[in-house]
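What follows is a set of notes on a single structure, which appears directly below.
As written, the chain order gives the labels A, B, C, D, E, F, G and H, with residue 1 at the start of each chain.
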């Protein structure tokens, strides 16, 4: 509830144009509507200047279509993550205008013009980390950033990282995506001057414990100023990166 | 090794002022010196515009004094974290100019003038989280940011958070410090427009497992764009916050 | 074995109407019968005034049908949880009168009249938590409570919770269902005056560890008086809520 | 912020006795005061009819005395938990009227008359669980309940539990306190008709993992309707029990 | 290598009937033969008077058939565990004389006469624990014990256990099989005079962590003298029980 | 409550010598007395023919002395475990007749004559496992078994185990005590014909996690019929061993 | 980047045959090429004298074929691990010359002549560990070692290990592959004079936790000098073994 | 028992100089002696050409002195690890000739001449890892290797590692010692041609979990052929390194 609206409301009460009882009621009328299974808050997108987001995992086809349609009708942009190709194939006809990125398991419906501000580098360690890296890259794209991708530059062959470092360091924010032992975050964090957000991936086997090894490595990084998001959470890293970019180019 | 220096070196080789063998040697002469137990890299501070940092935990008194003295002699600023009052009392005479902040268990030696840029809000949940919050606050201070503190605004009495929200939201970066269930990060993340960096603390008992409960909560935050640092790592959060501030006010 | 029956038996022994040997035998005749794979205790339902419950997971179709039939023949009410639609489709013909709630994966056979007493609010954080919330809601319903549902009111958009708070607070018991970081339990616990029972759900990914993150958060809640049940245990929360309601309206 | 006060404020605005700007300001004046390290909310106690609570662990002597004094000055009752005898000995002179219960590591300052409503049974498994049981018992006492204690009735000698069962079952709420394998909660939960709140304790060794074994046992209890609080959290169990009692005798 | 054979060999060397070199060679000829993928030791069965055992899980159909055939050819008895019905259906024609127990997922080929000695009670908590209980029961049977089964006597309805206790206590060894919180082991351990071996099962959900909750409960049992085997290891419990029985009736 | 006493009581009721009401009362008079902090059950010792046991850890000096004195007054034997030398020094004057075994951290007061039956071998891997091995050895001794000790025979020098194997195998029950990787249990279990009870110890460092590595190794032993007790639980292993011995020599 | 090449380049700069700017550019031209999803470093194989390796798990068919083809075109040898038979069946036509080892789930394309140096013994505990043992054996083979296999020699029948010990000890490096409790590593480590590399396997059930039990056992081995690789990482063990062999026969 | 001795014994039996019974006895006379609390095997050192080792942690002063004296009397060399300065101060007078290295918490008694063969590089990440690095370095020294130390070359300033790489790569075996996220092992493993043994240290805080983060990182290293020892196990790494060196320079 914006302060301005509250102020205006109070002034209307003071001016006698609105009664106290009406004001009390209006204070309860919040800008979202109830669809039983999900409250859609159309103002959030406006407030933050980013698309509405649906996390598809754990939702039924009908729920995804229902929430999407409501958003599209309201004219807001839409980003739907964790939607695998099989599910998208089933629902794509019900969501006109949806663009699907299979390697990132997400689709978007863009109805408004985006002005891109800020440059995000998505740096990933191995070929197997690509899906998470792509989720990060496309999310940053739809959240209004320029995105550069640097794949397969893990520390087992550290010269590969150094060979593209001049390009990477130009980014406003660097997202590091790595599974296994996640050492790439520390190496990048040690030489970067931009904010570094690291994403552990569930890639690995045995004692990688589905990404826990990489997660712990990143949390314990000896390189200063590296922050971390959840395992495989390319979306979250890109979200945070876009918030930083908006601050820089505000 | 800066590209410019390399370029210049190659030009000197090209110009015959330096032989190939000398060049090869110089490429190995990196700007740090060996004290046997710690390599001090005086250029890092210059490169990043932040103080040199010593992590005191696990180091002997002699090691702390030795590294500190070397840095002070070089004229760089110095921030020494995880130095409890007992240790500081033993070494303070050997480190002239050191300012100690007992609630944050850190000391600093500032020899250069700082121009503060960027505003960091340090928001903490309970009285017991104060030490970590203070580590974050003083680190952000010594890394060149303006700092505002908002203590004891945990979600068990959520009106306390809302009552100071107008002040908190003015910050360029918000650091959330919380132990126990760490829910404050999600609530702040849900309403903030600035980047949010969350620090789980080891405050709690029983199944808090020394901060693991708060750490997991923050990693799994339903609020978009919240990033996380290690348990009790107020320093790391402030480091990351200052890097973002430097980007914003570059 | 009720004290009254024991007392009566002892009086019959004292009165010579029952021999000591007979009494010893009768003391062993307990009110359940043996079906080889499950002892059905028909008196428990009467004792507590709630339906008999079958936990279907891990049981074969035949076992579910067998236990159900025996209970139905005895005239008691029956609630069968963790019965997914596929299993129910196979067995529904063998259990006449069964009403299935697919979103809650449970069915019930009600043969006795229920007088509803007490009001339970089931408050859930996200659309993905709906299944567990519905298990709680229908269980509370079949255990004799009035139930109100409040879905998708997680803390990422905390105004949504506040907008229906006036309704939620009317409940005698509040059940909070949340996955991911489970912060909703702390926020509700901080403002509620009724007992709050929290149910962590396995919703989430990465470091949510199948609900462990939410479970730990709820156990460590900074809000006083919040109790917790097992991950995804909507049934258990509703059971506890109904026991409290029966105490209130005894 | 109570609705009545808001309503009244809005009416004053409508009546011209308060300007819109003043109203906006007052809406920010919330009923707690800032002591820098802890926001004391004197209205919470009034709202819930229970003492203000200080969790002493992790606070300095000065902080405990400071918060206590403020509360005492305001005339509210005070319960301070996790205050071991050594700390209390240092601060008792600064907190006149404090009554210390060493076995429970808590002290209280009672300034108002309590009318006791509701009966809580605190049932503990072994002699070593006594401290947690006493924390629960004294908390329930200071929160306004009648309390009965049943110690050393663990399942290794199950006849001891049965011998006092007639007394236990009279309680409105039963708190079960057990370490090691925590089986007592399941046995009590299987025969009780009152709400059962279980408290795992950190008593045990080896693979008890500081109470985790008991915690998991209680969360997985096969007895319906048992809820759980954090390890060693006697306070939390009693808090929840008193909330239920207040509902029953409202 | 039996001492007698060694002694005899040495005597033959002493008597000049065997040279030192031959003796050295023979000492290397151990009584098992190499099938490339599994060394079959036909003497073990004779030594211990129990069937040879194949653990089928992780072996291919061909491996199971191959090892079984070799054993059958040698005239020893055979017990093959962890062989689910689907696998047995594929291989049963290749293993004449095999008797399959589907509820226990094991089959046996008995070629020698067994004299049963010792009585083992297999006591299980819930219907869902039946498979593990049956593995224990049939293993004990094929290892030469009399077996009594007591199912569905978990502590949630503790009178069910007590009603068959007179029968249970007659056993030489009691095997307790329980999932969820595993409390049955402590209750039985508290009243039994015979050795108690407990088997945690993977039955449960949420924080049962596939049997870890029950395992920890059993390891931490407050009842003296309870020993534990691996999760779901009905076979191991029965093996240990039969070893004890052989000692008793040696 | 023995059946005979119950039978006799019922006969007295039948014979009119006891009224029904009196009988009901007597049924509640169980053979233990309440000392507030611990219910002492003097009949247990008689029932099982073993000493009463006090687990001292977590009890105050006064509690240990109090419980001990009561037991001694009743003429039963007493074994007090987990009593370190410092505590024993403080209380030994209050417990006349107590014999302390410092390496096992236990003391005993023996007032009755013991006839030893059964032979227990306590086999330990390293010098550091001695304390736990001694707890097992002395417990088995005071529970009426003959005990042989075999120390420092871990698998790193496996010939040391084999050199004393002829002696070990004579035991009725073998207790294996090992920390670190706990491999000794598997090696002994693979060659033993007697029941093997294994005790993981907390000896080790790093990833031994206080005995978890050894515990898991023992639970997963590839040797059939090995059972396990809790980490460092020498007492429990000896208890179980003595129960088996009593069965063998009943 | 080899020092020689750098030296030569610098000399060319010194000789005026290469300008400084050109040198700077060339320093960036590293010997790998970008295929978008994987950087192939053809020099690594030459540098180390081992095949290029593809870890197939997590890669699409197209990615495996694409990377393989590029390597084959370059004339280097190729080893592709974690390629199950189903995947290989789909891609084998696209990779001419590939030899598949189904039991090891790997294929190789050998285009250069190998001179075998060094002898590696692969010792495995049970039939179920064969797949991992074969991955180790074939990897060592393709990395240029002679390989001997010793299967099913686990400690449950320790004479089986001793019977082939004379052969095992001839190896330059011994790889021990074991699941369950992993005790084989300690026994072998205790008697071996060659380096021992142990591989825990995920074979086991219940509390083996997918190989964690064996991993911890091996890390905590009481036998000196045993090193460990990740769970099921037969490849890694063989890689390390071949590196040692190359050192020995350099 | 060496084969030669066995052969000779058998020949003596064949020659009639030794009876079969005597031979049987002698076969049991193994070359170690029993000191009750530790079996000292003096031949092991001779067999392997390395000092006898005592792991002091968990042993009493008397035990350390006793074992040491026995070894010294036998003329073998001795290395005693995990002996902190406080303990050494208490026992040094009883162990003449002992040389203590406080930073490595170990002492040695060298009575025989060592010929050093093989070069081991001990590379450590941070100043706080020094103790473990020194344990590795001194162990390798006393096991007969040349040792080079490279301290404080962690990946946060990766140029420091590269600046001494030319020296490091000369080693026959590289030991990498690192705490926190342990990334140094992967970076070194990616560029090294010698065997790399990594030692995770318990250095770190929060989610480093006493070295688990570094351990998991090293086990999951994306660099081929890196092996791992237990947390803080500098001794074990050096032991393995010396075994490899002996193989190389055999």
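Heads up, the rule we're going with is that a residue touches a chain if its C-beta (ideal position, glycine included) is under 8 Å from a C-beta of that chain, and two chains touch if they have at least 3 such contacts.
It should be emphasised that the depicted structure is a prediction, and the values quoted were computed from it without experimental measurement.
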- [ ] Go through the assembly and pull out the chains touching subunit A as well as subunit D.
- [x] B, C
- [ ] Can you grab the rotation angle between subunit A and subunit G? Superpose on CA, round to the nearest 5°.
- [x] 90
Open item on the list: Test of understanding: which option in A-G, C-F or A-D shares over half of the contact pairs of B-H, residue numbers taken as the match?
Closed with: A-G
Open item on the list: I'd like the Å distance between the centres of subunit E and subunit F, where a centre is the mean of that chain's Cα atoms.
Closed with: 26
Task: Separation of mean Cα positions, subunit H and subunit F [Å, integer] - done: 38
- [ ] Indicate the whole-number Å distance between the mean C-alpha point of subunit B and the mean C-alpha point of subunit E.
- [x] 58
TODO: Report the inter-chain centroid distance for subunit A and subunit E in whole angstrom, where each centroid is the mean of the CA atoms.
DONE: 53
Open item on the list: Where in subunit H do residues touch two or more of the other chains?
Closed with: 3, 126, 157, 166, 206-208, 212, 215, 219-220, 224, 230-231
Task: Interchain contacts (touch definition) - all pairs - done: A-B, A-C, A-D, A-G, A-H, B-C, B-D, B-G, B-H, C-D, C-E, C-F, D-E, D-F, E-F, E-G, E-H, F-G, F-H, G-H
Task: subunit F residues touching subunit D - in the complex, by the definition given at the top - done: 1, 28, 30, 32, 36-39, 41, 44, 55, 57-59, 63, 200, 202, 210-212, 215, 230-233
Task: subunit D residues touching subunit C - in the complex, by the definition given at the top - done: 47-48, 53, 166, 172-173, 193-195, 197, 215, 219-220, 224-231, 235-237, 239-240, 242-244, 247-248, 250
Task: Complex contact set, residues of subunit D against subunit E - done: 125-126, 154-158, 180-183, 185-187, 189-191, 204, 206-209, 212-214, 216-224
Task: Of subunit A, residues touching subunit G in the complex - done: 127-128, 130, 151-153, 157, 159-160, 163, 166, 203, 205-208
Task: Interfacial residue positions of subunit G with respect to subunit B in the complex - done: 3, 6-7, 10-11, 13-14, 16, 19-20, 23-24
